[in-house]
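Here's a structure for you.
Chains here go by letter, A, B, C and D, matching the order in which they are written, and residues are numbered from 1 within each.
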Amino acid sequence: MKATAPKKIGVLTGGGDAPGLNAVIRAIVKAATGRYGWEVVGIEEGFEGLLHESPIRRLTPDDVRGLLPRGGSILGCTNKGHFGIQTSDGRIIKDESAFSEAMRRFNELDLDAMVVVGGEGSLRIAWELYRMGMPIVGVPKTIDNDIAETDLTFGFYTALQFATEAIDRLHTTAESHNRVIVVEVMGRHTGWIALESGIAGGADVILIPEVPFYLGKAAAKVMERDARGCRFSIIVVAEGAAASGGAEVYLEAGGMDRPARLGGIGEIVASNITRLTGKETRVVVLGHLQRGGSPTALDRTLASCYGTAAITAIAEGKFGHMVAYRNREIGTVEIELAVSRLKVVPANSYLIGVARDLGISLAGEQD
Amino acid sequence: MKATAPKKIGVLTGGGDAPGLNAVIRAIVKAATGRYGWEVVGIEEGFEGLLHESPIRRLTPDDVRGLLPRGGSILGCTNKGHFGIQTSDGRIIKDESAFSEAMRRFNELDLDAMVVVGGEGSLRIAWELYRMGMPIVGVPKTIDNDIAETDLTFGFYTALQFATEAIDRLHTTAESHNRVIVVEVMGRHTGWIALESGIAGGADVILIPEVPFYLGKAAAKVMERDARGCRFSIIVVAEGAAASGGAEVYLEAGGMDRPARLGGIGEIVASNITRLTGKETRVVVLGHLQRGGSPTALDRTLASCYGTAAITAIAEGKFGHMVAYRNREIGTVEIELAVSRLKVVPANSYLIGVARDLGISLAGEQD
Amino acid sequence: MKATAPKKIGVLTGGGDAPGLNAVIRAIVKAATGRYGWEVVGIEEGFEGLLHESPIRRLTPDDVRGLLPRGGSILGCTNKGHFGIQTSDGRIIKDESAFSEAMRRFNELDLDAMVVVGGEGSLRIAWELYRMGMPIVGVPKTIDNDIAETDLTFGFYTALQFATEAIDRLHTTAESHNRVIVVEVMGRHTGWIALESGIAGGADVILIPEVPFYLGKAAAKVMERDARGCRFSIIVVAEGAAASGGAEVYLEAGGMDRPARLGGIGEIVASNITRLTGKETRVVVLGHLQRGGSPTALDRTLASCYGTAAITAIAEGKFGHMVAYRNREIGTVEIELAVSRLKVVPANSYLIGVARDLGISLAGEQD
Amino acid sequence: MKATAPKKIGVLTGGGDAPGLNAVIRAIVKAATGRYGWEVVGIEEGFEGLLHESPIRRLTPDDVRGLLPRGGSILGCTNKGHFGIQTSDGRIIKDESAFSEAMRRFNELDLDAMVVVGGEGSLRIAWELYRMGMPIVGVPKTIDNDIAETDLTFGFYTALQFATEAIDRLHTTAESHNRVIVVEVMGRHTGWIALESGIAGGADVILIPEVPFYLGKAAAKVMERDARGCRFSIIVVAEGAAASGGAEVYLEAGGMDRPARLGGIGEIVASNITRLTGKETRVVVLGHLQRGGSPTALDRTLASCYGTAAITAIAEGKFGHMVAYRNREIGTVEIELAVSRLKVVPANSYLIGVARDLGISLAGEQD
């Protein structure tokens, strides 16, 4: 390892919180101070902390002791988005003054580099700042597991584990009461959590954004089970899943209850399943419960790897890159590449094949 | 132990499912067959199973193997209530034909006694059937812990543990994002789960049915915390909690959002806290997640004690009684006495005192 | 509540660590500072901290934030015992100079009162210091649940829950491999953890200090199960359980393997079960795993109640007393009374009756 | 998917139990019956079940209901090894008569194919039987994660999660008492569990079979921590780790306590750390606790994928192959290739680099 001059690096955590953020911060501090003798400072409240004269905390190994099992981020997160407005097609209409102010503050703080731990939105801002001259390394963060160019993101398996245990709990109630229980899990654009927790929890129907679904097919699965004596069913639906063929299937004859009145997709699915099958249904929205808690072993290890890899990337001058886990190796990839698309569940994913082999309906064209 | 003639006893589980039901069934079968040499049969779907020619399962020790850690009830539960309609003041307007049919079926099945595991509603039916001549022993079941004449009911501590862990999870998100999170827990008439999980989870405000609350006081607590740098708050609310002083506090000036549109009390509290404090709020409704899962050690032990005690009660001819845990002893009490009132959190409960000593607001007159 | 002059109180945690210690410290600080406006200081390393010029930490509400779910004690524990030597009959041969030094330091620190959170040993020291004039209030702490004059001690249910889940895990291995698994749990003098985890975990044999056991009877239970097709068994043994009738049962014919060579009672039981039944056995010693982890909801609530009650006791001048939970109320009791005997499992405990009703063997005279 | 004639396939689970075995069986039954209309029968007690006239169970979807979250194997496991003796260099000296008998029984049962779920030993037997003409498909099973040609094996992440949580629990005790705690985890030949749980649990020293260690270096790490005020340390050691440089480091001057007397490597490490540092140490052997419990979400999904892939492999006639997970795809590989070597932690593994970046000592040459 080549000698590196002492540096002062900043770290911030942007977007929604995810289990493992603290483990990333801990690893950054341990690797930067212990291996390179650098100084680390924490910027609070994500990028917002660069816009205000908010306090900057020096982070020493003592400050990060005990952080490994703790959820959340000691630096705070935010998705207030003062840097611009994201348009419907994903581009940011930049607030130039915010970017200029962030650059000014970065220079004022006399930082040599910046680690940005964040999701797609934060990484886009990071990329812009990098192009303006800020030496930035990114660390991908998304519970949904939808960031491209990396096989895994920390937080995902913790959320998946919680969702699976929740489905376990709901199974006993569904079975004891002959009910249909609809579980709405996270996944705004992708179905990773829904698909994997549905397989792991033994769901009967899984509805994901990547496979447009027909509620009539979901109802048929419930009735088919009923007919052979399985009088309960579990339906797992990603928050971003959307029905197709609506007109024929569930807007006819009085129509479905409107989302505005009912809440999320979980409610829509449940009310229509009741309408189509006559069975009692219940909805459980896991919501923020999926974000919290102590990270699983896997997420702690992954977060630790990302934190140390970010420091290595700085030492190697790989600015504008994001650390990534691919083919069981830790490496880096250009941030721009990572934010250029979402990592969705491919139509030919083995997970979809396995789900169907297990008799789980995705309620799509092929089911 | 006096010799007892071989008997054939029935067991059913009524009302909503609760962790520990299977442990009760297991204990009943083990004690009845192992100690007395009796035969046990299971009636499915609660009292409904006595109304139809539904199949009756013989239950042997082999049938109950592995049941101890499993949630739900292998016999199924139901709260369909074909036995009558419960009026708003808690009385049942009996459907006499259902009671007669149940008596007829009981005799037809040639049963010597019946164990009814159920909540207030099921125990009321049990009491009526007992008065009509059915030799019944009750086992109290309520997650809400609100059945009188017993210090504890199984399922409560499992629900409490889940609610506490949920509050732990939400803490990290609340803290990372400077949010107010409102957690709606079970407790239709009583605040046991809300109060104990709120204390155990470190809530800032706890709203329970026994202490009518002012949303203005809850909002004041949130603002007081904000003022001293704790920019997040956790509010735990029992589903049956109700605001008092509504006119002044949250119906004025355009009024609160209406329940019909918003959903449960959690939503009402959250929307008004936002209105009164300007802070971002999120609601999490734990709902059915509290009913499921493997019972805690305490609930398994308690359920096992209740199951064996029910068999002892039958051996001793204590019909019309319910098993109960009082002053660290297992005994019995007349069913009628147990269903004559609810066990609410007393105004002078040490738990309420402790909550206030810890700085938790109940948002009531005294806070 | 009467007005109380501002006070400065000290708190220390003695003996082995237990889940809930931090919750006690948190509650003490919250109640003392929030309700009475007193100052709290923490003495580190138990009573040892009074013997050295070790640093004294002021504890503010900020210092105890986030402590509720955390195991261990931020003040450190110790059972080094510089205050004397405990004799085999439980008395302390005092080291007078240590007691004098502790009194001197207490006065030097200008403390108005002291809260001692500890087990039997620490409470005995506390009683001596109280008699020498130190205004002390005790808080009982024992995972074994063996302190008299209180129905419950925090930490017990957390240990019990862990032990029960451990037995669950071992069940699947025992069953898959047709083995006997011996689980050694805590309980030096009493069998509370063994008995309750054994019932909750579905053990087949439970060996506790209060019921001297015959290994031949334990072996007979294993063989009886084998004969009816249950080819695995789980034996739970308290670390302090002791065999009776040794000569006939397991010292004959070459004798058992000696403890000195084998380790604890778990090993002794396992090697003899193998000898007597010919079956494969495995031993698992839960050991320190039972002491750690986040306290259960019940233990957090109990610890919080104890912490606030200790402050109330100081306000009311109840020195020389220990807080206690009895008959579902929080009160106090003279420390001397509490340490005058151990709370053992009574021979007529309903738990023992329930265990036998469930077909669990205690391998004693009556089994 | 091409049509396939109705088949009758057998399934057995060999070797030690692992969380996920039941999920594999469930997936096999669901995929075989649901997708292909085949019949599945279960062979009990691993290959032993082919040697005796033991009962063969038909397995229908009803038989595998509720199996997903359950540890162990409903078919039983065994490592009795009647098929031969494994020599020290890993070859099996075959008991030819056992192999012939297994072939005879297979034909007698009129099976079209066999799925063998097992570890290295079982897969070697499977390969031999395949070469003798039995149409076999393998499913890799090892908690240690050491089977080659597959990136992952189910059970590993469940064991890892348990070990990590155990280290969490022990942290609080170590910290409260200023102790060194040595945690012995599974890993007879490889350090995957030790390395990943050590990183995830925040260990200070990790000892694995792949990196021969010097106890003097481990002791130095403990003392270095002590010197800067961290008076506790956690050492994670794989059961198969072995000290190097013994003569200089820990056999001098009276020597270390002999293994024969002390038990496993955990005891050896602990007694020598005490000798070298003078600090109090405790050993915790996780042992069989790592094998049990409900599989994590990841292990359930992986097990489900393996089960369905085995059926696909049979449909495609890929006999003599084992299903495998590589580069995020499910495929197959020749069994012979998989058992030809162990998958050890490579010297240049990113995990080893990350551990060192985090300041964890492996106590090897480079530390």
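Just so we're on the same page, a residue touches a chain if its C-beta (ideal position, glycine included) is under 8 Å from a C-beta of that chain, and two chains touch if they have at least 3 such contacts.
Quick caveat: nothing in here was measured; it's all calculated off a predicted structure.
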| item | value |
| --- | --- |
| Target chain D, source chain B, minimum contact steps | 2 |
| Common touching chains of chain D and chain C | none |
| Between chain A and chain D, centroid-to-centroid distance (C-alpha), Å | 30 |
| Centroid distance [mean C-alpha coordinates] between chain B and chain A, Å | 35 |
| Interchain centroid distance [CA atoms averaged], chain A/chain C, Å | 42 |
| Where chain D touches two or more other chains, by residue | 168 |
| Touching pairs - complete list by chain label | A-B, A-D, B-C, C-D |
| Contacting residues of chain C [partner chain D, same complex] | 16-17, 19, 21, 70-73, 76-78, 162, 165-166, 168-173, 175-178, 181, 261, 263, 282, 284-285, 287-289, 291-293 |
| Complex contacts: residues of chain D adjacent to chain A | 27, 30-31, 34-35, 61, 68-69, 151, 157, 160-161, 163-164, 168, 196-197, 199-202, 294, 296-298, 300-301, 304-305, 308-309, 311-312, 327-330, 350-351, 353-354, 357-359 |
